[in-house]
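Okay, got some structures for you below.
Here chain A shows up in two complexes: once beside chain B, once beside chain C.
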Partner chain A sequence: MKNRLKVLRAERDWSQADLADRLEVSRQTINALETGKYDPSLPLAFKIARLFGQPIESIFQDEA
Partner chain B sequence: MAQKMSPAMRRYLLRFTPAMLAYVAVLPCSILLYQHFKPSGLALWAVAVAPALPIVAVIAIMGVYLAEETDEFQRNMSVQALLWAMGITLAGATVWGFLENFGVVGHPPTYLAFPVFCGAFGLAQPLVRWRYK
Partner chain C sequence: MNLVSKSPKPRRHRLLQALVGAVVAAPLGYLFGGYLVSLEEAGAAVSVDLSWSDVLAVALAAMMALTGLITLLMSLSRRALGRQINPEEVRPATPAQAVFYAQNGFVLFLAGVMMATPVMVPLVFAPLSPMIASAAMAGLIALLLIQTAGNIAIWVRSDEFMRRAMGESAAISFAILQGLLFLWAAGEKLGLLPQLTLWDAASIMMAAYLVIGLFITWRRGLAS
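Let's turn to the complex of A and B:
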């Protein structure tokens, strides 16, 4: 699944570690999310959406 | 850069270390008690099973880690590595069992199952992580 995490993070000038701290996950988790190698669960997706103040579907795009 | 350890992983290590130390302490005690007192009946059962208990605790501690890990991606990777370890151990035991049946190989002690499982888990972990690099 594609996502705009890297762009949203860059807009705020956050490092992967900054975003990891805010979401209470590891930096590897952020990396796996950003590269699209790991799709988050609904609770984590909602947490990300709340953090960026955007709806889930504007952050994650279903490629199907 | 050093990776920060999750609180669940820290608790896992805090529980795992004393359990392994208990194993290292209990095993020679069991052997000495067996050799010096030649226990029988219930006492023999107790002396014989004692070294297994810290290992059973380690297995439970692994389960508790999975339950407590709040970083879902880290938990996912641990689960994948544990499944690989389980598959390798079960496949190895099955193949070995049939080879043994036909007299090709000897009978190893069954308590080796857990060390084999841990070895496979140790090998699987970096491979699983590498897939997400």
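Let's turn to the complex of A and C:
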């Protein structure tokens, strides 16, 4: 699954650690999400969507 | 804009860590080897007869204990720990992160001690009396309980990604090892393969779990 996390984070001038603090996850989790090595659970995806004020489908896109 | 850049600095840090690890581990290995030789030379009462699984267990134990100790020591300095977990910026680790890494280091160190004990106790206390053996066994049970509590605490403190990595390591290890165990047991039953002791199996299981855990860590990008 593709996502726009890195772009959205950069627009806010947040580091991976900043975003991790806001989402209450580890920095490694943010890194894995951004590099496509991990797809978040639904609760975390909703949390990300709420944080950036955007619908989930505008942040995460199915590659299929 | 503050996109994460892959600067060469973390690579230098890792190289430095590898060098420090080698510098620390090599003399330890040398000292341990010297200790074994001295035991052998001490007399007929002391017989250093290590099987391949004993050597494997001690090597794994040394690796786990050393890595655990380094992690534990690093967690004492929030700045040093922060450099490790936030390589893209200067930011000290939070108290919660320091506790989390201290727990990880402690649990890994305990695992090393537990792995070495069944090999080292008969060497150090040769000839091994039933009382010493029982005391060592009681100590191992106590350490296992402490380590289990530590592992549960780590699981509770971990986020979903860390739990996924731990779950994957456990699931892949189980799938591979139960298949191999069955095949070996069948081969043994048919008289095609040599007998393994439970200690042989335990040493192989730990080695396989560590290798699989490292593979998952690399595949999921946990080390970056």
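Please note the rule applied: the second predicted complex is superposed on the first by the 64 of 64 C-alpha atoms of A that agree within 3 Å, B and C clash if a C-alpha of one lies under 4 Å from a C-alpha of the other, contacts with A are read in each partner's own complex, and residues count from 1 in each chain.
The rule is short, and it goes like this: a residue touches a chain if its C-beta (ideal position, glycine included) is under 8 Å from a C-beta of that chain, and two chains touch if they have at least 3 such contacts.
Given the structure is predicted, the values throughout are model-derived calculations rather than measurements.
S.K.: So, does A:16 touch the first partner chain B, the second partner chain C, both, or neither?
M.R.: Only chain C is touched by A:16; chain B is not.
S.K.: Let me test your reading of the model: by the given contact rule, A:41 touches which partner, first (chain B), second (chain C), both or neither?
M.R.: Both chain B and chain C are touched by A:41.
S.K.: Check the contacts made with chain A and report whether chain B or chain C touches more of its residues.
M.R.: Between chain B and chain C, C touches the greater number of residues in chain A.
S.K.: Output check: A:4 vs chain B and chain C. Expected answer is one of first, second, both, neither. What do you get?
M.R.: Neither partner.
S.K.: One more residue to check, A:26. First (chain B), second (chain C), both or neither?
M.R.: In the superposed model, A:26 contacts both chain B and chain C.
S.K.: Just to be sure I follow: which residues of chain A are touched by chain B in one complex and then by chain C in the other one?
M.R.: On chain A, the residues that contact chain B in one structure and chain C in the other are 24-29, 31-33, 35, 37-38, 40-41, 44.
S.K.: Taking the touch rule as given, give the residues of chain A at its contact with chain C in the complex, in rising order.
M.R.: Against chain C, the touching part of chain A is residues 6, 9-11, 13-17, 24-29, 31-35, 37-38, 40-41, 44.
S.K.: Which bits of chain A are touching chain B when the two form their complex?
M.R.: Listed in rising order, the residues of chain A that touch chain B are 24-29, 31-33, 35, 37-38, 40-41, 44.
S.K.: Would you tell me which residues of chain B are touching chain A in their complex?
M.R.: Where chain B meets chain A, its residues are 3-4, 6, 70-74, 76, 129, 131-132.
S.K.: Which of the residues in chain C come into contact with chain A in the complex?
M.R.: Residues of chain C touching chain A: 1-4, 85-86, 88-89, 91, 159-162, 164, 219-222, 224.
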